[in-house]
């Protein structure tokens, strides 16, 4: 079993190449590593001491983090993309940071969502957000929202999401939601293109349970960009804090301010 | 060939019932009418002198208006729904207004969009809006926009739409766009949940041509809520004013202000 | 020294009347009380055991809370207005809740802001928000923002505010900011009408220090609706968590959900 | 009487210098010009044949345009600022464009607003926008709006504005309003930071009259950034199209698209 598991998509030849080179350098120092192709390989055999090293952009990281979370492992976020809202290690620091990750214990715990669906056995995990959204283009869903037992607003909208602080700069941001510091213990409820109602986000403590009820039409459930199921009218999604967080190796600080600056530059490129 | 064509969806028994009763009353006055089930019947034989009488909500009206437009006929908008942003005739006035429509010539012309797709023969029509949107849940499309030859903004978003004034209180409104008086000669360009860029709408004269180019991923094209085709990367949708407007019978005024009040009440019901 | 201090504005005769009646009833039970007119009377002699009973709307409560905070006392929020985002005691429960407040210890601590201004001795307190805003109608201010040592965005805007969770349903909401549960340990940075930049709020932990720097023009500083000073170009406001929170008596729960529903109804009345 | 009137603020030495140099060159071609300091000089003697040449940024142009409008003259917009949303002539083209302006007749007419105030003789003009706004920091105004005789929404807000297409990229944009092509015959009604109601703009034909009524508190009236009066509760501002537009010399086209690109770059600089 390797100490490091490099995770990449098979079509990212730069990532595959980087994994090979880094692997050779680390081997010289007596550190074992292997390469896991996220879209090809079966679930690898690792344990909680392994560090999953994500090589790619935000999408690669989300998938790597899900893998690490499922295995009880830590994840190190190496940025091979243009702009990574979730990534804090530059690609030329991968060897140094991987080593320091193995010796150190600088872990940042990031809130993950545990998602269940009424009347089903679905138990899913999301690091960014879960969305209940329209099943068909050109329609709206009607979603009633609850926080614990309190009924909040009902939205006719493209969708309604619950985002984590980590996900606040993603789809939540596009939908008008606030940017939230990554370590805050909160969940963010944000509607997407709601019709004739207030579009403000609602920020609640992460010990609450948020329920999203499909009122009158089927809806689909999307977690971190993956379609994980559907809702019939009357069914609901329950979202709460996952008992185990995502454990991200913090070999260097994550600078939200400069990500915002970069994001704005990219957004208008 | 009937003078009036009642148009309704087959599952709206109240509309079917109303069409029958109104038909009997009108027959007594020597006025011929027939019932067209929008989701069942083949395209009816009518001509430009016919009046299509939409019986239902905004969705019924959009479909009836498309039928009337295709046939060169006028359309009368009867409201059988709770809130109709496009509808100005209450259901108890259907006989009186249908008669007055036949004798009078109070027509309001509403801008319709002509939609074509590069590299295809698609020619479609929209009264509310056309949207270029993501083909898959959980993804964004990247859309570059042009007004005539000028390149405007490029959006990474759920979608980008061109709306008419008629459609300004519909999906355009949900996406943050302005309410525009129904008779103004303008088109409204509005992004839906754009990432890290300005979300303001852009209002241009209706003699302009707007082009929406799919940058790097497939997208789908949705006109008035109907999926009308898809775009491959590099393909574009061209949107311009339809040479023939939708001709709506204006037996009574359309009161935008009270629709807004109602809309807000409904939105928070 | 009274056990209860009823606080009201002198022009609210209903509040003054209620204070007198409640005072008589409480006296019969051996509880001492007095009436403090917020806009007339000098700072009263009370101590930390006193409960300030705010009788009025949100404005009265803000002023009463400031008084209670200065005196180390608790505050009970009685609602005599139409809609109180900060108020949880109906006016007919004032006697019962005042008694139960004296015997019980159900206190909710609410984050207050401590505001200081570079180059001055200004030390102010805010329960809702502090805003750095344009000194003159028709102009913008340019404000650079920092969270601890990190430079965040620079806004040309009507103003830039830091709001508490308590204030999230106030001016922050109008400016597009999120609704935040009252007990969360966060501050909300929200621009007001920023020009050509992102208008999203940024939510940070309440152990951070936020700095708002006036870039090139004088600005004024407004805390909970009161003008507390001005900023010359280059000067800054520092905002941090007040070491002592506002202690609100929680004789009954505060139902954010139904406040939102009411607020929306009022907003469109 | 000069053929050209260079208009500039006295503290812009670059503008004053440019006026002098351009004046010398034009004199050699037999064209007379003079310099008008907008903040110093009395109203100059010119007639409708004169061209006012604005030398500065958007603020200079607004003041120059007001002067030209009052005198029945045309205005040429030279950009000496960083970013000019209203300006289309680069500073190095001032001589060439001034000449071509005298010989040609490429005029673009821009909608101007005529503003009157109930119970007063105030008659003011605005090229960008008129705002009814709170008289005091930290308060809101409550403004009821009418379009002709129809009552529209009532806002509790920092202010409510009516903007022209020319002004759509100014304060209207900051407040969330749409960008509107400069030549469209419309007015835009946009609230600034409205509390608990819909913040969408409403776009109406420029032959309508918009009324803004101060409901319960004094408000101030700001036109193109200048305080032009105040409103007592019950008084209203009436806004309509000015019978005479602002006549802008169009020696070169105005490229809205590239202004948007520049604006976004500046906004995030």
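Labels A, B, C and D are assigned to the chains in the order they are written; within every chain, residues are numbered from 1.
In the analysis below, a contact is a pair of C-beta atoms (placed from the backbone, for glycine too) under 8 Å apart; a residue touches a chain by one contact, two chains touch by 3 or more.
Note that the structure is a prediction, hence the values are computed from the model and not measured.
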item	value
Connectivity without chain B (remaining chains kept where they are)	one piece
Chain whose Cα centroid lies at the greatest distance from that of chain C	B
Numbering shared by both copies at the chain D-chain C contact, with half separating same from different	same
Rotation in the CA alignment of chain A with chain B, degrees, nearest 5	180
Intercentroid distance (Cα basis), chain D paired with chain B, Å	35
Computed distance of Cα centres, chain D from chain A, in Å	47
Mean-CA-position distance for chain D and chain C (Å)	38
In chain A, residues with contacts to at least two other chains	153, 173, 176, 196-198, 261, 264, 268
Of all residues in chain B, those that touch chain A in their complex	131, 133, 136-140, 153-154, 156-158, 171, 173-176, 192-199, 220, 222, 224-227, 263-264, 266-269
Chain A residues within the chain C interface of the complex	147, 150-153, 168, 173, 176-181, 183-184, 186, 188, 197-198, 200-205, 255-258, 260-261, 264
